[in-house]
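By letter and in written order, the chains are A, B and C; residue numbering begins at 1 in each of them.
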Amino acid sequence: MYKVKLETFEGPFDLLVYLIENAKMSIYDIKVAMITKQYVSYLEDLDELDIEVATEFIVLAAILIDLKSKMLIPRLSESGEALIEEDPRFELVHRLEEYKLTKKRAEMLTERMDYFANVYEKPQEDISEFLENPDEFLNLDIEQFAKAFMLFIERKQKISEVRKSYQNIEKRRNSIEERIIHIAEMLKSKSNSEDIYNFNEFVPNAEDNYEIALTFVSLLELIKEQEIEANQEKIYGDILVKKIKDNTEEEIEQ
Amino acid sequence: MNSKRKIKSAFESMMFIWGQPLEAKEAANIFDITKEDAYELFKELQKEYEEEGRGIVIREINKSFQFVTIAENEEYIEKLCTPTKIKKLTQAALEVLAIISYKQPITKSEIDAIRGIKSDRVIDGLVKKELIEVIGRSDKIGRPLIYGTTDVFLKQFGFESIKDLPEIEDLEDTLNEDKLEGPTELHEQLRMELQ
Amino acid sequence: MNSKRKIKSAFESMMFIWGQPLEAKEAANIFDITKEDAYELFKELQKEYEEEGRGIVIREINKSFQFVTIAENEEYIEKLCTPTKIKKLTQAALEVLAIISYKQPITKSEIDAIRGIKSDRVIDGLVKKELIEVIGRSDKIGRPLIYGTTDVFLKQFGFESIKDLPEIEDLEDTLNEDKLEGPTELHEQLRMELQ
C-alpha cells in the first residue's frame, strides 16, 4: 500500500475517510478488521507528531479496535439464538457521515473562495469634505418627552409629601409646651385617691411613637421643674407618676 | 458574450478599479487593439450609461476615461456622507420645555417657582435651539418676558398644534402647589437629596 | 426621469461613493421610503447590471449592496494593476468554517467533536480574519462561547445571506470524481447561481 504521510491529514477522521475511500469501501459497509489494521499501521509514524495530536489519533484507534472485537464475537443470546441488535458500526458511520459532509462543504467553500477572490471592490471615494461639519440632530420624541415630564411630576409630588411631614414634625415640636399644660390639667382635674398616675394615661394615642416620646419628654421637663416625681419598679415596667403638691398651679400658670 | 461586449465589460472593471482617468491607449494595450478602437469602445460605453440615466457616468478627460457620479445626485451623496451628531436634551431642559408647553404663556419667575430652582440657563439653551421663544411681555410688575413653544417644537414632537399635547392628570394640582410660595431653601435641599 | 429611476440613479451614485456595502435601510432613510422598497430597487438595479453583461455588478451582503467587478475580468485587472489578494485559507480552516457556517451557533467542543481533533488555533485564526465571531454564550455547563459567521464570510464566499448555503446530498461519490469538473464549468455554475 502506498502510504501518505500522516501529517497531511487534518485529523483521525480525515485519515479514516482516506483509508475507506482508498479501499473503495462504502462508509455504510466498513470492513473493520482491514481498515483497523491499516489505520494502526499509520500510527507507527506517531513519534514525529506532537502529543496532543497523537492522543486524538490514538483515541480513534482504540474505538476501531473495540469495534473490531465486537464484530468478531458472534452476537448470540443466552439461549443460543442469533441476536438482532444494532450494528456496532452505527455510531462510527454516523460520525463519518458528518465528517464527510464537512469535507464536501469545505470543498464547496474552497471553490467559491477561489472564484470570489477574483471579485474586487473599490475603496471609498474621498468624502472628507462632508466630514467636517456634522449635522446635529436633536433626538426628541414624544415618549421621551412625556416620560421625562412624568418623572418630574412624580418627583414633585414626592417632594410635597416629604414637605408635608416635615411641616407636621415642626408643628408637633412646638406642642411640647401644650403637652405640659395638658398633663398639668389632668393632674389637676383627676382626683385619684393617692395621686398616682400611670404614664400611659398621659398618652392620647399609644399607637403613635411620637405621642409617647412627646409625653415622656414633657414628663421629664416636669420632673426637672420638680412638679412631679416618677418611679419605675423594674425595666420595661409601668412608670408611675405622682404630683408634688406644693405650689404646682402657680408655676404652671406662668 | 461577443468580443466587443467582452472588451467593454473589461473596460468597465478596469475603470472601476483604477479610479483615476484611464488612458484609452493603456486599455488598448491590454487587448492588443488600436487606441482608436479602444477610444471608440469607451465612447460607446459612455453613451450607454448616459442614455440609461444611470447615477454613474463616464467622464472623458483628454482621451482618458473615468467613472464619476452625476452632479444631480450630489445632495443625496451629501446626506449619505455627512455624519450626524445626535444631541439629547437634559432632564432639566425637558422639564422646562414641558412646563412651558403646558403652561404657556409663562414668565421665567413662574417657571422658577414651579421647578423650585433657577432656570435661566436652561431657558436660554431652549431659545437657542428654537424650541421656545419670547412671545411678549406680561402686564405684571417689571413687565417680565413671557415664553411659549415654537413651530420647531411642534415639528420635533410631531404635533400639529399645541392642543395635541397629551393630557396629564393632576398636572394642575402638582404645578400650582408651589407657585405661590416660591422656591425655599428647604425645597432646594430636598431636590438635591432626591436627585 | 420618473421618481423610481431617479431613486435608483441616486442609489448608484451612493454605492459608488460609499465603496463599502451600503445598507438598504440607510439608503431608504435618505429618500423617506421603506427599507423594503429600497431593497426592491437595489434588487432591480442588480438585475439590470447583470442582464446587460456589465463589467461591474452589484453584490448583496445581508441587505447591503456594493458595486464590484465581475470575477471573469480578473485577468485584465491584473494586467492593469496589482490589486491586493485575500490570502487563501488552509484545509483545516476551511473545514472549521464549513462546520460553523452550516451549524451556527456552535461551540468549540462541538466543532472538535465533528473533526475529531482540537480546533482552538484554527478558530482563533478565523476570528482574526473576521470570518467568524463570538456571538454569545451557550446555556450549557461552563457557558462556553458560541461562534457564527460574519458578513466578511458572506462577502468572501459570495453568499447574499447565510440562507444561501447550498445543500449537499450524495455523500458517497468520492472526492476525486468532483475534481474532474473543470474550474470553468464550476465558475459558470456559480455565475448562474448568482444571477
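Note that a residue touches a chain if its C-beta (ideal position, glycine included) is under 8 Å from a C-beta of that chain, and two chains touch if they have at least 3 such contacts.
A quick note: this is a predicted structure, and the numbers were derived from the prediction, not measured.
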item: Most distant chain from chain B, judged by the mean position of its C-alpha atoms; value: A
item: More contacts between chains, A-B or A-C; value: A-C
item: Geometric centre distance via CA averages, chain C-chain B, whole Å; value: 33
item: Where chain A and chain C are represented by their mean Cα positions, the distance between them in whole Å; value: 37
item: Cα-centroid distance, chain A relative to chain B, in whole angstrom; value: 40
item: Chain B, residues touching no fewer than two other chains; value: 13, 16-17, 77, 81
item: Shared-contact residues (touching 2 or more other chains) in chain A; value: 120, 122-123, 127
item: Chain B residues touching chain C - in the complex, by the definition given at the top; value: 1, 5, 8-14, 16-18, 22, 26, 30-31, 53-56, 67, 69-70, 72-73, 76-77, 79-81
item: Footprint of chain A on chain B - complex, ascending; value: 13, 16-17, 19, 77-78, 81-89, 91, 94-95, 97-98, 116, 129, 156-159, 166, 168, 170-171, 174-175, 177-178, 186-187, 190-191, 194
item: Residue ranges of chain A in contact with chain C within the complex; value: 10-13, 21, 26-27, 52-53, 56, 59-60, 95, 97-125, 127
item: Touching residues on chain A, where the partner in the complex is chain B; value: 120, 122-123, 127, 130-131, 133-142, 144-146, 148-153, 155-160, 162-163, 166
